[in-house]
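What follows is chain A paired twice: with chain B in the first complex and chain C in the second.
Our next item is the complex of A and B:
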């Protein structure tokens, strides 16, 4: 693996450096989550990585909690469900408008509760005597203030412990306010090992309480549900534009720029496409099992992958007119993309990136870097599972541990009245046997990453610093928690959770934005003024230079 | 309880908190710990709290901030968190080699009733004879107080755990409260100029507003050294800032009780009057008169005020934030003729009203409304009635500013929609000068922008 200075780094050495300071037991455990990538054979078999296991206490992680995944990630971007946090004030406060999901209410006066952070702000007496009464009162007040069509109650850590039953409260309140759908989430922060548990719980409750509420389908052709797209920086707007201009109909979005009504009619779609596999695959599977909506994975990050994903959708619908429209659209968009790309690549070619984000972005964004001629030397997720790394082909071999077992797994049965096959058996079989089509599949991050790159699950703060020290990538993509420490080292950091006020980066227009942004960041003069530690002490560089 | 509760504006009607004007306890603890040299905070509970708090602090300070957690999962919730705490102490020690570790509890570990002091006693006992960092704990459940309670409780816990009965020194203990990094630096400068040696706790002026790094730092450099904290019991006096703090058991008063170190409680030195009080005390402590530099700064400030006060005289402002901070800003605004028509805080010490009234003589309860324990929707509702000319406070007031189309002067914490929030100087004559210019220019700009002509000349 070479970077622009032609320094050669041995990934195995980097790994050893990362873990050597840890106590032996910790080192052994961490070693399983740090893997040198190797892709073998036609089936693209990759080494096993340890993922979705608890972070070791005292190792500083970038992971969040179950509540964050449920309330912040999945339900946060929906504008017309009033979110009420049941718990002490901090959890609600910290999840108040911090993810920069955008939303576009139909009219200026349409319901939009995203700017609000409602909390029961539990006090001592609620912890001692229980908080259900206060929760009910809070719901009554929320009704008085807004009369929303739906209220979600989100539990934080103390709630389960003191025995508050948010589901029972929700039931009582539904009776009191029959016009409003009120439901609870048992997403206490300690459940599961990351925010991933919260995604699952969010999927389950949406499925139980909203999906299927409205059987009237949109009067349109080619109705697609976009799953796992959260409209950070306006990504969903760009995807919606692409759909509109190429003849597709966005039926519902989970959950960027989404609304209650979209969820309620989700089961009437012709197709589900999945962006972030980690956070939403449960929903795709449930919609398929109960209502017969087929699903496949798409990726709208990167121009090439966007085009590929559009073509996949065209192939699925297999409609001449639609296909022609999509092809014309791609051609027009790609022309603009290429103009910018060919200019920017002159300055970015051969540079290196490291990506540590979420549960799909560390994979998706590699595509954009590839388009700029850049190599991703190291990547990993915060809350991915093994299937997000190695592909769904390993699903059967994943051991369910105690931490995952406590997340409810719904049993889904076919809805005899409303189940409708969207494709004939034969058509589906044809799609499934087409290997490149990847029906109901996700290949995972590793088969798509550089051979020899270092794949790190739940990278710790300490390991991040080691990586910077030894590999010094030209750009680091992560979140605000890492941003300032990375920049201390003279390496620019691009936030891929919030986009640093930039975006959109999805789709064709997004690709152009991203190329330009990376160009600006890599060409900035400011980094020249920062002497990184290894430039101060040349012997360090010497120590880490390898030739193999 | 206090007068604040009898409400004129209907804001106490709701028990649900809608857009809070306070943060949670362990955040305050984490800030204090970042202000101790080579220290590490561990939040005892689930990792979410530590992650949220780091993320939040970083968005204000724009600096790396490490906060560890004992990473509870369901089994710790059932069986208690002692083994996780031990592991996290071991791992933090090994990776970061800190001099001191502060273990702050969270709502979760408090609710399950973990006896952290006992865990720590056992932990230390098992490691007798081995070199381990100083370790102390503080109880910071957020259902018992906001980030400010967390901040002050942690200071108390530090001075409870660390200082010994030291030989008397010439130093003065300084508890500056929760102010900006620029404020902390300025305070140190003032002490230095008077020739008084302060032991300032906490001191996050470097750790949370550092330079680019030339060498590897496991923990951001700066902060009050533990060796200095050890000497606090032998200091000649303590000064603590905070009007509402003066009423409660504080770190300063704790030292007074334990070691007989006299403690003076002052308001945050924001504005002329409060800075004068500090300077008087500094003169007494040092036996020196105020250095020429500050005399000049004060005179310049007065000169600027006489030139500029006509622009701000009689305008109405909404002020919100931590109680002591609100008291400080209100005091400064009153001096320049701005009426702090609403002084609001999510905090609830019970002393805010009394403190504001004592400095706002001549104003009626209608002219200056004081509200504690409120949220941003309460604040907005009252603000809409008042129709203020400006809003003074942190980034969370932006929504209000946008709705009523009145400018927001950003001060305090958190500021995450501008850069440099951590570098705003609020204290001393110099800080007052900057605030005065900022407030006045905001008024001028607003008038300029809304004038049909767009004069380029005042």
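Our next item is the complex of A and C:
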């Protein structure tokens, strides 16, 4: 049933169609965020794309706010920090359980606040007279009822405006309750231009308030921190299984299925691996600068990339026994994966996909589609920066604008007492010289995407519709707000934030799940039966035949 | 246990909200705006609110929910959002071509003090609003009231900012359906048609948030009250306002401006409230009740009579919005069941009074709380359990922990379908509710009863 449109896919034409209707100023701005991909030379140089700039008012964006990135994304998956939203009720309500981070507390009675929503539910008088008093009282009540080991306070838009100082409140409360770590996040929704600002703020405060609290290392070999993995649909469980079965130790996770204690001992790890570069690169850099933990990029989405990532870790540790174990594990897993893949690819080969999501998944998931013989004709991030598109090589050329300047940039100093080089300079240099290894690097989405595919940052609703109308990909990946728009066009949409309540899709078992899921979505009968018999007039049928 | 930290012992809270039974004003305003034909809701504030509101409505309806946002940055938060809103209006009319943009504020724009009336006037002045197109607005700060308040505010705005009086007395009436599902709005329209009441219903989200699959997305589906109809509401002879919290303000506003008499009724959930609605229509719209409606009522009564034994004195915990809770509590009482706990997150002391009055003859101490939350409800249940829970999807955590059957009812329902298509208002809606309640209770009975007592016929 291949895609009849992709042979005429002309990205430049599609781009012009997307911006044609926009007011001149809007068209000029959007044109910079819509780029036809071109990969040049050994260094895989790609065209510049505009990213991480202000959303155009009224454009209908996918983007959310700083608070969502901080409280929802980074801190959301940690079960034993009581997350208290300081603000009117809505912000806390919407971020209550909706992101599908799974968690598995150690025991039946271990702390787990994730099914709860805590808010100061600010009222009129709090806005007028200030909300600090209510915030303090809310913390006292939380202490009395729940006695948590830690409380995080998350600021919403009005809080910053009325001048409540959540950090001062946290300080006071720490004094009042010395046994509990209480800290604040100035993650008002208007900060920055997307969720991304919130990731940064979350990284900063975790670093300031928890990291390094517990110097007792795990009694284990090959201790790895998994950074930028949020356990949607159980992804972290699968990665943990892979680690366990191949002789690695998960030291701490940022932050899928994580706990406070994991953060507290993060600095004792031997290695940091980074999944979602966008949301957590700050932490990787800080842990390296202060404690000497090297980091590199991995990708556990896609079986091939999972295997590659495992091998990178093996190479890093350079231990014969570990390498053998990892190789054996990969071999065993890949056999299962291939069985399913070879069956599914019969039905997926040659089909097309479009991916617009987040700050890493629009890249990572292309790998899974490649494994199914599918082509990604268009992709883009919702809150990526230029380095997430073009690679970290462009970091120095990114202009810091007023919106980014407002986000605190911590100055990190080497912790003389606790800094420990995990590798010699020479060893690190060797790893860095291997381009494929991406030591301290991220190549970005564009060098890994199809030549000639259309890269769109912060795709608008209008552009989404144009893409569907002109290109009609066989499958579309985005979020809940886009899902039913796309499906009304008769194109199945896979949510890559929530996974449509499925998953895991990470690792080897995840790849199998994803193959089967895409098979189901593409093979489903419903799309072909949308029209009633009487709606399919002979005239229309003749027209289709003519077009072919 | 999912809610493992909820203790049986109840401690007073004055500042900490845990597991709310309400959300914020704009989401209600957004939903109401979708009930206008060819209208794009617009959220004046940071983009996060809009993303959240669209998401929760999308999850609830499993249908596209479109809305614009002013996308405030830190600068806009300090200097005011006028420039952002003007730009948004221009962009929306150019790109998305709605007939109406319905702007609601957020906590942020309210705290800043943006004057939407003035901004809308400026947009008009600057020629940013094309001929025959409209911008309406409602003030919806979330630190006041709840999503229900937001719905009420936008409903009032759509009436008062469009309605005109031409002086020609029309024979139609206004019907404000309240914060109910598209299926309910459709059912109310059906009842009005059966009764031959010429009416303008607003807002009307039927065929907007439950649009058909056609193979082509339509940004503005066919449903919704039209601008012309909204303009004519000023000529109506009467206003029926269903649900005091959601609809009273709009009815009062129309009365104040155009002297249109009105009746504020409970939502027609259950037969008593539906009876009152039908009676009011009979009296105030001057129509007779057709046999078809009497038959529907009779069918409902028949089922209730047949199944009494499975309902009698079963204890129910109810949580939801005030208008829904008031009507539902009355229905539960009339079914012979006991509404042991009734909670709404929305503030309003009169809620508690009303529930107390409805339940005064119930042979059981009924606990009621406005501005309550689900944490408190859970604690009550831990102290004295119930047979059935009724409320939104978040109750499933309590249902599972405490092993109590759950009937999903209200907003949001994030994990089941049905509410878009099958009403709970009117006699037929009541029948559906009874069916759902019985299904849960009887499945539970079948699950728990000993083998020797297991029944084939029930």
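Everything below uses one rule, namely that the second predicted complex is superposed on the first by the 523 of 548 C-alpha atoms of A that agree within 3 Å, B and C clash if a C-alpha of one lies under 4 Å from a C-alpha of the other, contacts with A are read in each partner's own complex, and residues count from 1 in each chain.
Note that contacts are C-beta pairs under 8 Å (C-beta built on N, C-alpha and C of every residue); 3 or more make two chains touch, one makes a residue touch a chain.
None of the values given here were measured: they were computed from a predicted structure.
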Q: Evaluate whether chain B and chain C can sit on chain A together after superposition, giving fit or clash.
A: clash
(Q) So in the superposed three-chain picture, is A:112 touching just chain B, just chain C, both, or none of them (first/second/both/neither)? (A) second
Q. When the two structures are overlaid on chain A, which partner does A:12 contact: first (chain B), second (chain C), both, or neither?
A. neither
Q. Given the touch rule stated above, what does A:158 touch, chain B (first), chain C (second), both, or neither?
A. both
Q) Between chain B (first) and chain C (second), which does A:60 come into contact with in this model arrangement: first, second, both, or neither? A) both
Q | Partner chain(s) touched by A:288 [first = chain B, second = chain C, both, neither] | A | neither
(Q) Which partner chains sit in contact with A:438 here, chain B, chain C, both or neither? Use first/second/both/neither. (A) neither
Q) Just chain B (first), just chain C (second), both, or neither: which does A:261 touch? A) neither
Q) Which parts of chain A are touched by chain B and by chain C alike? A) 21-23, 26, 54-68, 84, 87-96, 98, 115-124, 126-127, 134, 137-138, 141-142, 145, 156-158, 160-162, 189-193, 402-403, 406, 461-462, 465, 479-481, 483-485, 487-490, 530-531
Q | Of chain B, residues touching chain A in the complex | A | 14-20, 22-27, 42, 45-56, 58-59, 62-64, 66-77, 84-85, 87-92, 94-95, 106-108, 110-112, 141-144, 146, 210, 212-216, 218, 377, 399
Q: Flag every residue of chain C that touches chain A in the complex, lowest number first.
A: 1-5, 7, 11, 13-20, 22-27, 42, 45-49, 51-56, 58-59, 62-77, 84-85, 87-92, 94-96, 106-108, 111-112, 141-144, 146, 211, 213-219, 345, 375, 394, 397, 414
Q: Using the touch rule from the top, collect the residues of chain A that touch chain C in their complex.
A: 21-23, 26, 54-68, 84, 87-98, 108-109, 111-113, 115-124, 126-127, 134-135, 137-138, 140-142, 144-146, 156-158, 160-162, 188-193, 402-403, 406, 461-462, 465, 468, 479-481, 483-490, 530-531
Q: Using the touch rule from the top, collect the residues of chain A that touch chain B in their complex.
A: 21-23, 26, 54-68, 84, 87-96, 98, 115-124, 126-127, 134, 137-138, 141-142, 145, 156-158, 160-162, 189-193, 402-403, 406, 461-462, 465, 469, 479-481, 483-485, 487-490, 530-531, 533, 536-537
